[in-house]
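Just below sit the structures, each encoded as structure tokens.
Each of the two complexes below includes subunit A, the first together with subunit B, the second together with subunit C.
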Partner chain A sequence: MSEIGRLAILMAFLCAVWSVGSIAWGLRAGLAGPLRSGRNALWAVCGLTLVAVIILVRALMAHDFTYRYVAEHTSLDLAPLYSAASLWAGQEGSLLLWLLILSTYGAAFLWLYRKRLDPFYDAVAMVVASVAIFFTYLLAFICSPFRILANPPADGQGLNPLLQDPGMMIHPPILYTGYVGFIIPFAFGIAVLLMNRTGTRWIEEVRRWTLFSWMFLGFGILLGARWAYIELGWGGYWGWDPVENASLMPWLVGTAFLHSVMIEQRRGMLKTWNVALIVLTFELSIFGTFLTRSGVLTSVHSFAESSIGAWFMAFIIGSGTLATALILYRKALLESENRLDAIVSREGSFLFNNVLFVALTFATFLGTTFPVLSEAVTGSKISVSAPFFNRVNVPIGLALLLLTGAGPILSWKRATASVLQRNFIIPTVAGLVATLLSLPLGVRGIYPIVTVFGSAFVLATVVMEFARGLQARKDVAASRGAMAIIDLVTKNKRRYGGYIIHVGVVMIFVGVLGSTVFQKEAHEPLRTGQSMKIGDYTLTLKGTEQKMERSAALTRAVVDVSQNGKSFGESRPSKAMYFKSQQPMTEVALHQTPGEDLYLILGGVNDDGTVTLQAYINPLVSLIWAGGLVMLFGTIFTLSDRMRLRREEKEAA
Partner chain B sequence: MTASPSVRRAVLVLLAAAALALPSAARANESAAGTKVDPGRAITSQLICPCSCGEVLSGCTCETGISLKGYVDRELKAGKDRKAIEASLVAKYGEVILGAPKAKGFNLVVWVAPFVATLLGFGIATIILSRWVRRKNALAFAPAGAAADTHPDSDPALAERRARAEAELRELKE
Partner chain C sequence: MNTTVKILIVSLVVIGSVTYLILSGVKQTGMQYMTVTELAQMDRAPKAGGFRLDGIVAAGTIRYDQKAPRLQFRMTDGKEAVNVVYDGLMPDAFADGRDVVVEGTFQHTDRTLHATKLVTKCPSKYEAQGLGEDKS
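The block that comes next holds the complex of A and B.
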């Protein structure tokens, strides 16, 4: 079967090459036949990749250790679902998943635009196929997942214990769906330049594709944070780890694009900037894969050890240079109307918002890659971790929060003094009142105060916008109460979906504020029967227990938890020692309430027989997860506008 | 006509304020951010576990991390201050144990560049916006019709109809 898998990838590579060549010929000669052939070849890439994936997953689930990839990432004691999920546990499998999602996007694009006769859409398919060439080439010739071992072992090395979590079953595919999805906006942008296409219709198409990918990437990041919180056992959810940063960067630039694209749609401005943002978002998606897969961040020297790092670097430089050259070559095409009544306007606020998003991306990029740069220049190793990002990114993020509130209440073209006064007075008062109310609760320092002020400011602007919309609807329609709200938001899903997303952002900011500023921590070595206190909670060690599981030996601390004398029952934070990897893993015991989480970690059983118990109280952390879901809902709501449009188009037809 | 002097002054004041505020905000440490952190955590939250786990020391649960947290607590109880404890750890493990590099020499770049880039971005955005305002004002005094968009492709519906007709013609040629 491995030969079939290898052949499928090789044929996918040839089909991708054919697709690009055929479409390029068709476009140049103005012939429909080659265009059709090129589109069919892209369909074939998707089908052949699916065959390869099925073969590999089958081998993983059957523990066929003749495959090197299977021997390296599974073992006989691994549960079937985790065996299947090992597809994305290693470099080769991850790249295969990348290619599957990429070619599925290509196929979905062909299906959705099958009735459009415009050759512009063939050019978009050609760009997708060009990227598929790169990935099929890597999988066919550089790092094939179908390599066979001459002497297969009796058992495999097993899956990294960190990945043996239900969250890992869905987190990587969702994240990849987001990452890879930026290929379509990128392909649209390049096709516009290649085909010398003007008009604004394509930008609306791109906005929807970007929003779709942005939603998946954001949700993937949220799932990753949740996984880190539960699985890594350090009391937090975001550690500014290079892998986390790699996913954040395209999301930030994508967010900048989703804002600036509104200016192009409404005012025909920022055309060059928008194409540049699309290109940058895609390049950062590839860069993220490069960061996580090349090993470059461990050390400069590991770069040379990686089999694909140099290939990725070459692809990023090559595609980035080509895209930049095309943008410069088609400069005249991207010339905008570029007329504005006043700097203080919604356009102005969106431009500053874009500057902050790009600056945040730059700071994250620089901090993530700086250890390598510094080692190369100075020869000594340094760390650039959470303490750096908290100092540099937090102020930029807070400035963004303030602009999140200001943008929607500034008028397009020009915000006059009377408009400013009318729109800003309520949110500013709300911000000040919230700040004053937060002071007795213990909020101190510039960052927390700006967070409280900014959050209240943004919420007030959203409420105000809803109230004004309702008033306007009441003037023209007879609907009242809940019906009026439903009527209002469904009539302009794009605008109100955006406001819902802003509410989610505020919830996340408040959750981060609560869980960092008001976090409590205690750690103590306890003997059986002894207690420790954290906040209102009393934790009493009742003993320890051992348990053998399929792939690990568990040591558990049995802890009685009570709050103000009221017992919550027993918690069992544990340490698992995995047989295969001999890696100790922390299993957190979590008491979750809407207000706060009690987070218990077993530090270890000491030589003197005591048990070190580490406890955190993380207030408002549930707001982060809820805020993420609100953002997800807001995005789906915004996207559903397209569904309505399609239905109306169909009905009209 | 250019942007009014008052607007330009206001923008300049804002930029200057941002230039002053951002680096000082960056220097703000955790205690200034409002937390009443315990002294041990104030130190360990700024350090990286020197084993291969790469976690921030305050949250690290590996053996090396737990042992180092104990070391920091003991040194604090012995009366040593933050600087002395950090210096002893840097002497033993190197600068790689610091969660953020010291702002000196080449490493100053990582601290300064994000804020310089942000201010530069604000400056460029302000200049671009001012130009757009000037252009608008200039067009307001131009002869009637000069500002109209006369590009034949500016109507997306027309452009699409034309593309469709071209594609159909190609099909007919085959």
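The block that comes next holds the complex of A and C.
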């Protein structure tokens, strides 16, 4: 079977090469035959990759330890679903998953655009295929997942216990769907430059593809944060770990693009900047894969260190240089149609939004790669960690929060003094009132206060925008109440979808504020029957118990939790000792309420029979997850808007 | 003043503040990487702000008071060793011979590293080891 897998990857490589060559020839000679052949070859890449994935997953589930990859990442005691999910537990399998998603995007693109006989779309497919060449080459010649062992072991080495969690099963594929999806906007951008494409339809298309990937990437990042919160057991959800940063960077640049593309659609400005942002988003996605998989930086994720780092560096530098050269070569195509009239305007606010997003990305990039950079420049390795990022990124993030409020209520071209007065009074008052109300709750310091002010400001602007829209519609239609709102938002999904996303962002800001500023911590060794207090909770130890599971032995503390004297059940923080790795794993007991989470960790059973418990109260963490869901909903809502695409169509026709 | 100039000025202010944030951030929170040998051979305590040390947990040196909780061990790079104290729960993957990274300050009086952060690198068990050659 492994030979078939190897062969499939090799053929996928050849098909990708054929696809690029054939389309290039077809475009040059203006022949339809080679173009069709090239498109079919891209379909074949997808099919062959799928074959390879099926073979590897079958081997993983059958515990076929003749495969090196299977022996490295699974064991006989592993549950079937985790065995299948081990596909992305290691480097080779992750790359294969990357290729599968990449070629699926290519196939989905070909399917969606099957009726468009415009060579421009063939050029897009060609760019996708050329990236597929890189990944198929790596998988075929550098790190094959189909290596066979001379002496297969009786049992495998097992899956890292950290990864044995339902979150592990969905987090990487969703994150990758986001990462890899930026291939399509990148391919569009490059194809526009290659074909000297004019017109505006492609901009709306790129916007939609970007939004789709952006949604998955953002959702994947939040799932990762949630996984860290539940599984890593340190009471937090974000540690500015290099791999977290790696996924954040393309998301930030993608966000910048989603904003500035509106200026291009509306005013025909910032064209070069937008293409540059698309290219940067894609390169950062590749860089993210590189960071995760190369082990160049110390991180909890870098369980695999290998030589593919150099290949990724070469690919990033090569493709980045080519894209830059193309942008310079096609300067005339990207000429701006308008100039910025005034700084205090919608365009101005978007421009600063962009500057700040890029600054945020730059600071994150610098901080993440600082050890490597400082060693290269000064010779001594200096590293920065969470305090650096909090210091640098928090103020930039807060400036962005304020812009989130200001941007939508500034008018296009030029905001006059009367508009400013009319639009800013209510949100400013709302912000000030919220700030005053928050002071007795213990909000102190400039950043928390700005967060409260900014959040209330943004929410007020969103409410105002909805109210204003309703007011305007009232004159036209007679619909009332809830119907009127539905009517309003479905008529302009993009606009109101955007506001919904902003509400989600505010929820996340408030959740982060609550859980960082108001977190409480307590730890104590307890005997059975003794209790400890944290906040208004009383934790009483009722005893310990042992439990055997399929791949681990569990030690659990049984803790009675009561709040203000009212018991609300038992909690069981545990430690699992995995048989395979002989490594303990902390399993957090979590009581979630909308207001705050009670987060319990079992430190361990002591020699004298006491049990060490560590407890955290994390206020408002639920708002972060809920905010993520609101953003997800807002994005899906925005994506369901096809009006603009149709309008572009009409104009083109 | 025309708009281009204004944009330039505001952009410069933004870029300037971000640069300031980054530079001061590095200066105040940056931690120098050191090896155990470098640290052990120093006559004076290194930078007060702290530094980052990579090494291995010396076998048989772990003393863990779970009730405090306080973790003490010796960290080595094969040549020299230093004492480390960490007030916190022992990380799951922490054990003899594991690769660890600690951040903290060093007091010359007791020649002990007071760690504020302790990260255990994932054990190499999950990497290709001991599986032997590929079938040719």
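One rule holds in what follows: the second predicted complex is superposed on the first by the 625 of 653 C-alpha atoms of A that agree within 3 Å, B and C clash if a C-alpha of one lies under 4 Å from a C-alpha of the other, contacts with A are read in each partner's own complex, and residues count from 1 in each chain.
The rule we apply is simple: a contact is a pair of C-beta atoms (placed from the backbone, for glycine too) under 8 Å apart; a residue touches a chain by one contact, two chains touch by 3 or more.
All figures in this text were calculated on a predicted structure; none of them were measured in a lab.
> Assess the superposed three-chain arrangement around subunit A: do subunit B and subunit C clash, or do they fit?
Superposition result for subunit B and subunit C: clash.
> With the two complexes superposed on chain A, say which partner A:Asn564 touches: subunit B (first), subunit C (second), both, or neither.
Neither subunit B nor subunit C is touched by A:Asn564.
> Name the contact category of A:Val517: first (subunit B only), second (subunit C only), both, or neither.
Touch status of A:Val517: first partner only.
> After superposition on the shared chain, which partner residues are touched by A:Leu149: those of subunit B (first), subunit C (second), both, or neither?
A:Leu149 sits against subunit C, while subunit B stays out of touch.
> Tell me which partner A:Ala32 touches in the superposition: subunit B (first), subunit C (second), both or neither.
Only subunit B; A:Ala32 stays clear of subunit C.
> Return first, second, both or neither, reflecting whether A:Pro387 touches subunit B, subunit C, both chains, or no partner chain.
In the superposition, A:Pro387 contacts both subunit B and subunit C.
> Quick one: is A:Ala71 in contact with subunit B, with subunit C, with both, or with neither? Answer first, second, both or neither.
In the superposed model, A:Ala71 contacts subunit C only, not subunit B.
> Now for A:Phe120: first (subunit B), second (subunit C), both, or neither, which partner does it touch?
After superposition on chain A, A:Phe120 lies in contact with subunit B alone.
> Where does A:Gln157 make contact in the superposed view: on subunit B (first), on subunit C (second), on both, or on neither?
Touch partner of A:Gln157: subunit C, not subunit B.
> Quick one: is A:Pro448 in contact with subunit B, with subunit C, with both, or with neither? Answer first, second, both or neither.
After superposing on A, A:Pro448 lies in contact with subunit B but is clear of subunit C.
> Both subunit B and subunit C touch subunit A; at which residues?
233, 339-343, 348, 351-352, 355-356, 359, 362-363, 366-367, 370, 380-385, 387-388, 391-392, 395-396, 523, 584, 586, 601, 603-604, 612, 614
> Using the touch rule from the top, collect the residues of subunit A that touch subunit B in their complex.
On the subunit A side, the touching residues are 30-33, 117-120, 197-201, 232-236, 239, 241, 269, 337-344, 347-348, 351-352, 354-356, 358-359, 362-363, 366-367, 370, 374, 377-378, 380-388, 390-392, 395-396, 442-449, 516-519, 521, 523, 584, 586, 601, 603-604, 612, 614.
> Please output the residues of subunit B touching subunit A within their complex, sorted ascending.
3, 7, 11, 21-22, 25-36, 38, 41, 45-46, 48, 54-56, 58-63, 66, 69, 94-101, 105-107, 109-111, 113-115, 117-118, 121-122, 124-126, 128-133, 135-136, 139, 147, 149, 151, 153-156, 159-160, 163-164, 166-168, 170-171, 173-174
> For the complex, which residues does subunit C have touching subunit A?
Answer in residue numbers: 3-4, 6-7, 10-11, 14-15, 18, 21-22, 24-26, 28-33, 52, 54, 66-67, 69, 89-90, 92-93, 95, 101, 103, 117, 119, 121-123, 125-128, 131-136.
> Using the touch definition from the top, list the residues of subunit A that touch subunit C in their complex.
It is residues 66, 68, 71-73, 147-151, 153, 157-158, 160, 162, 233, 298, 300, 302-305, 339-343, 348, 351-352, 355-356, 359, 362-363, 366-367, 370-371, 380-385, 387-388, 391-392, 395-396, 523, 525, 581, 583-586, 601, 603-604, 606, 610, 612, 614 of subunit A that touch subunit C.
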